[in-house]
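Got some structures for you, see below.
Note that subunit A is present in both complexes that follow, paired respectively with subunit B and with subunit C.
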Partner chain A sequence: MTRTRAVRSIAWHLGALALLAVLLYPVVWVIGSSLKPNEEIVGSLQLLPPDPILDNYRRLADGIAGISVSTFFVNSLVLALGSVAGVVLSASLAAYAFARIRFTGRNALFTVMIGTLLLPYHVLIIPQYIMFQKAGFINTYVPLLLGKYLAVDAFFVFLIVQFMRGLPRELDEAARLDGCGHPRIYWNITLPLCRPALITSAIFTFIWAWNDFMGPLLYLNEPEKYPVSLGLKMFIDQDSIQDYGGMIAMSLVALLPVLLFFLVFQRYLVEGAATSGLKG
Partner chain B sequence: MSDATAGPRKRPGSPRKGAGKGAGKGAGKGVSGRRLGRRENLAGYLFLSPWLAGLVLLTAGPALASLYLSFTDYNLFDSPQWIGLDNFSDMFADPRWRKSVEVTLQYVAIGTPLKLLAALGAALLLSSRRRGQAFYRAAFYAPSLVGASVSIAIVWRAIFSDDAIVDRTQRLFGVDIGGWVGNPDTSIYVLVALTMWQFGAPMVIFLAGLHQIPRELYEAAEVDGAGPWRRFVSVTLPMLSPVVFFNLLLETIHSFQVFASALVVSNGRWGPADSLLVYTGYLYEQGFVNLRMGYASAMAWTLLLSVGLVTAVLFWSQKKWVHYEGSER
Partner chain C sequence: MGLVALGLLASGCGSGDGGSGGKTEIRYSWWGAQHRADLIKKTIALFEKKHPDIKVKADFQEYEDFWKKFNTQAAGGNPPDVFQNSHAFLRKYDKKNVLLDLKPQVEQGNLKTDDFRNGLEKAGEVDGKLLGIPVGANTFGLFYNTEEYKKAGVTPKDGWTWKDYYAGIEKISKGSGKLAGDSGNASVMYLYDLVLRQQDKAFFTEDGLGFSKADLKKWWADNLRRTKAGHFTSPKKVQQARPKPALSGKLSAGEFSWDNFLVRYTSETDASIDLAPIPTTDGKRTGQYLSSLMLSGSARTKHRAEVAKFIDFMVHDPEVGKIMGYDRGVLATEPQFEAYRPKGVDKEIADYEERVKDRIEPITPHPAGADIVEAAFLRIGDEVLIGSTSVDDGVDKFFSEAETALGS
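Our next item is the complex of A and B:
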């Protein structure tokens, strides 16, 4: 009996480890390749080079096409943090209205909000682009950030609504009897209690904004304003990629913040994904 | 923040006075009740105002504008010319549009089921609670966070190019078709493999669903002499079917919109031989490279209607295969 259990346990761990190895292969591949000289990257099967070199990173430090890599990073960081602030504020305001205020038309608007969840983003990009172009916002961060401050990502509104509905109403009611209006209840009671949902929204927003490619591709045309994702694309644009190693090294550097976020916040991320179907 | 957290705790100090006020309000129902309602309306719309502005400016407004544009010829500089259904008839006659539909359907039809199968398999593996389960769950989920990034698409392109690991491995088995990226028959499978690699997101949803299944059902089945396979087919699958439905819906809608990975894997050329010309890629090219914004809008609305149709079919089909607990009696 105990022997079959031991065998099963070993089989289980072997299966899980095998799967893990397949999943991790690309990540290990980037790390190893970023330490190889250019001409060995594709052909060589050695995962980790016997004599690692840092040349790729050194060239990266010199910048791409005259632009320092740190510029791309600062741009990405500005966009990601700006998005986080906007989403947390605007989505929680809308969620409070849906979850805690009884106003005429609430149910109809809630249905509309859920409807926008299903709207493919591509239906909106052309009119949005025309609007931002006519308003003179091309090559600025306005088109990339405005939606975050107007709670356009309905996923997060929905996530926070669900969370608020699970909060006990007694605290609200006590505060109302105390003469508190909605703004104070929202700010002093509901928001602090919603912290887990807000953190989940913030992390996902950061990662999505960091990875976002299509938005910057449409709206930015000056390399000085590019985030990391577009900076990476500059390597591909050349007819034959000349600095393969530099591209791989930058790919890894671009992944680091997301991987770091994952290590720190993995509990929030996995729970958030399990409860609401949020994707990476 | 610390001030805000202290907020609720300070309250219980003065409930008396407040309770008196509230009771007074409740007593004089008629007029003040209506005033309260009006105040709630005001507060509601005030809190909702950013979202409402977003709805008009960035969501519903643009959706309607794009419907209008789909009946026009528009290049961003001259004013739109009404051309009726011409964009749509041009589209159906356009071989590249048809190719993009074919590529996208292929990607959705192959990638989504395989990804969900991988997710279900991994979830079943992890559902037996053993030491390390939480670690594996987190590790399997991680690719879903970075899978959409340009970095990963670059890595994928490298792994599947000529002479790289995949090519060399298949040659060991006597398959000599070169790297998948450069071959129009296989390039789509690079994207399929990439989406499968991200099975972690549906997996955690499956796992949550598996933990909801009552243990007694398995015990009862075991008493009845059901083996592991029988228990899987008769207990796990029906009980999990709502979650399967949810994941299928989510993944299908999502995979219709694949863009960045196809662009990067094909080096921005959607090839070889247009074999990676995904629908949104062609939409992007028509709208923003060729500035045919009316045509691209017609494409966008066709996508919206198709996704809507697929969603409707999925919802209709769930009557046949999705089991909702307590709905039979």
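Our next item is the complex of A and C:
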């Protein structure tokens, strides 16, 4: 009895370790490659470099095409944190209306909002570009942030609505008896209780905004305004000398903020998703 | 609250356009990595010093991203005023009315078309319009690993034939046993183009394909046979090594490509790589032509004269030539070509172009849709070599895709 259990446990652990090895392999490859000289990166079969060098990281300190690497990071942070603030504020506000206020056309509007989730991004690219171009917002961060402040991300609105519907209405009613209107209830009662859902939205928004490539590519015309995702691509081009080493080193550095953000907030992530009725 | 925050952000970052003090501002975009950007920025600084009334805003991306962005901007009515272009895209974008006809600017004296090498000024002329000005030119060549060739006793010669070439490849593949003789050419459109030109045909005509299904069947079947015999590198290995080319990945002893790729090949491998002449069919014609990267203007630009002056400066100024070197191909005009003293790899490229100078033929512009055809040729050629598609099916598939793309 204990024997079969031990065998099962060993098999389970071995299986888990094998899976872990497969999952971690690309990460180890990237770390190993960042320590290799350029000509050994593509095509070399060794996972870890025989004699590791730090040249790739040193090159980062010199900046890319005359722009210091920290500029890209600051730009990315402005975009990512700006998006987080926008989404958390506007999505929760919209969600409050959908979850707590009865108004005519609420269900229809809710359906339309969910419907926007089905619209492929590529359909919107050109009309959106024309719109922002006519408004004179090209080469600013406005096209990348405006939507975030207008609750355009239906996914997060939906997430928070589901969460709010799970909150006891009695709290609202008690607050109303004490003389609170909707703004006070939203700000003092609902918002603090929604923390897990808000944090989930914040984490996803941060990661998506940090990794967004297409938006900044289309709307920004000056390398000085580029975020990290675009800066990474400056290292390579098919018909000139390629700097894979620099790109890989920078992508590792670029991973750190996302990783940190995730580590700090991850314990809320499960809570947020599990309690908002999204568990299926 | 959200709106307040947005207002702050907008005012913080929104000082994008609007030239200061009566300056004209033009936007200039190109594809390339940071090395090219460093060089171009120096040339822009030079231009701005000589034309204090014009300010140039620079922007660059990697090749594929460049065209993604460009297409969106062009569709949105906001393409850059000047941009790097390739000979292959002239008809495509002319058809969409994106390109500025530079002829009137030449007539007004803002842009000179003299002093170009080998009649290159003609390269941008399409259907009576002048749509691009070459900044540099390249021609196709055979890159080979000199040690492997030496070991097998193969010496590339001017005017050698395909028969000589394939005999040499066979020798190399059998000799050392390690490297195949050639990386495989089934999907290299530009090489097949040369082979066709040697037979008085061409890959593209004005508006369609310049060869028959039987021609392509022969080419692919021949390639497949040599791959199976081990004279060409196994296509699976070639794909595994990507993005590194098989030659610099030490999987083959030779590969056909544009001569400016020598810079890339030599930076990627410690093997000694050199350029050799393209094999011929009749001992004379290689079918080679000069292809070029160009500068084009946008049809929507509000500053046509400034755009023309900018292009003029970039292709004629000797200082610009000294800075750019052969980064975008061997310099297109005599003054720039003379001003730059090539060293190392650049010298080898210059020597090669000098050597094949007499074989250069005029270039024919590609029809609109050619880029889609090239992608299909690459994809289906690989499928045929790997064996997931038969030669006959592959040829049928390619012809039907090509005809759709070329809209005939």
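In this section, the second predicted complex is superposed on the first by the 260 of 280 C-alpha atoms of A that agree within 3 Å, B and C clash if a C-alpha of one lies under 4 Å from a C-alpha of the other, contacts with A are read in each partner's own complex, and residues count from 1 in each chain.
Assume contacts are C-beta pairs under 8 Å (C-beta built on N, C-alpha and C of every residue); 3 or more make two chains touch, one makes a residue touch a chain.
Here the structure is a predicted model, which means the values were calculated and not measured.
When both complexes are superposed on subunit A, subunit B and subunit C end up clashing with one another. Of the two partner chains placed by the overlay, only subunit B lies in contact with A:Arg106; subunit C stays clear of it. After overlaying the two complexes on the shared chain, residue contacts for A:Glu39 are found with subunit C alone; subunit B is out of touch. Shared-chain residue A:Glu222: touches subunit C; no touch with subunit B. More residues of subunit A are in touch with B than with the other of subunit B and subunit C.
Contact with neither subunit B nor subunit C is seen for A:Pro168 once the two complexes are overlaid on the shared chain.
Once the two complexes are laid over each other on the shared chain, residue contacts for A:Ile236 go to subunit B and to subunit C alike. In the superposed model, A:Pro50 lies in contact with neither subunit B nor subunit C. Within the superposed three-chain model, A:Ile126 lies in touch with subunit B and with subunit C [touch as defined at top].
Once the two complexes are laid over each other on the shared chain, residue contacts for A:His182 go to subunit B alone; subunit C is not touched. Taking the listed stretches 5-13, 131-139, 221-229 or 239-247 of subunit C in turn, the superposition on chain A shows a clash with subunit B for 239-247 alone. Within subunit A, the residues touched by subunit B in the first complex and by subunit C in the second are 42-43, 90, 93, 125-126, 129-130, 133, 146, 149-150, 214, 218, 233, 235-237.
The residues of subunit B lying in touch with subunit A in their complex are 1, 4-5, 7-8, 11-12, 14-15, 17-19, 21-22, 37, 40-41, 43-45, 47-48, 50-51, 53-55, 57-63, 65-66, 69, 76, 122, 125-126, 128, 130, 132, 136-152, 154-156, 158-159, 161-165, 168, 197-198, 200-201, 204-205, 207-208, 246-247, 250, 253-254, 256-257, 259-260, 263-264, 267-268, 280, 283-284, 287-288, 293, 296-297, 300-301, 303-304, 307-308, 311. Contacts from subunit A toward subunit C in the complex involve residues 38-39, 42-43, 64-66, 78, 82, 85-86, 89-90, 93, 125-126, 129-130, 133, 136-142, 145-146, 149-150, 214, 217-218, 221-223, 225, 230, 233-243.
Those residues of subunit C that touch subunit A in the complex are listed here as 1-3, 5-6, 9-10, 13-14, 16-17, 27, 29, 31-38, 41, 57-63, 65, 68-69, 72-73, 75-78, 80, 241, 243-244, 248-250, 258, 260-261, 263-264, 267-270, 327. Listing the residues of subunit A that touch subunit B in their complex gives 9, 12-13, 15-16, 19-20, 23-24, 26, 29-30, 33, 41-43, 45, 90, 93-94, 96-98, 101-104, 106, 109, 112-113, 116, 118-131, 133, 146-147, 149-152, 157, 171, 174-179, 181-182, 186-189, 191-193, 207, 210-211, 213-214, 218, 229, 232-233, 235-237, 247-248, 250-252, 254-255, 258-259, 262, 266, 269-270, 273-275, 277-280.
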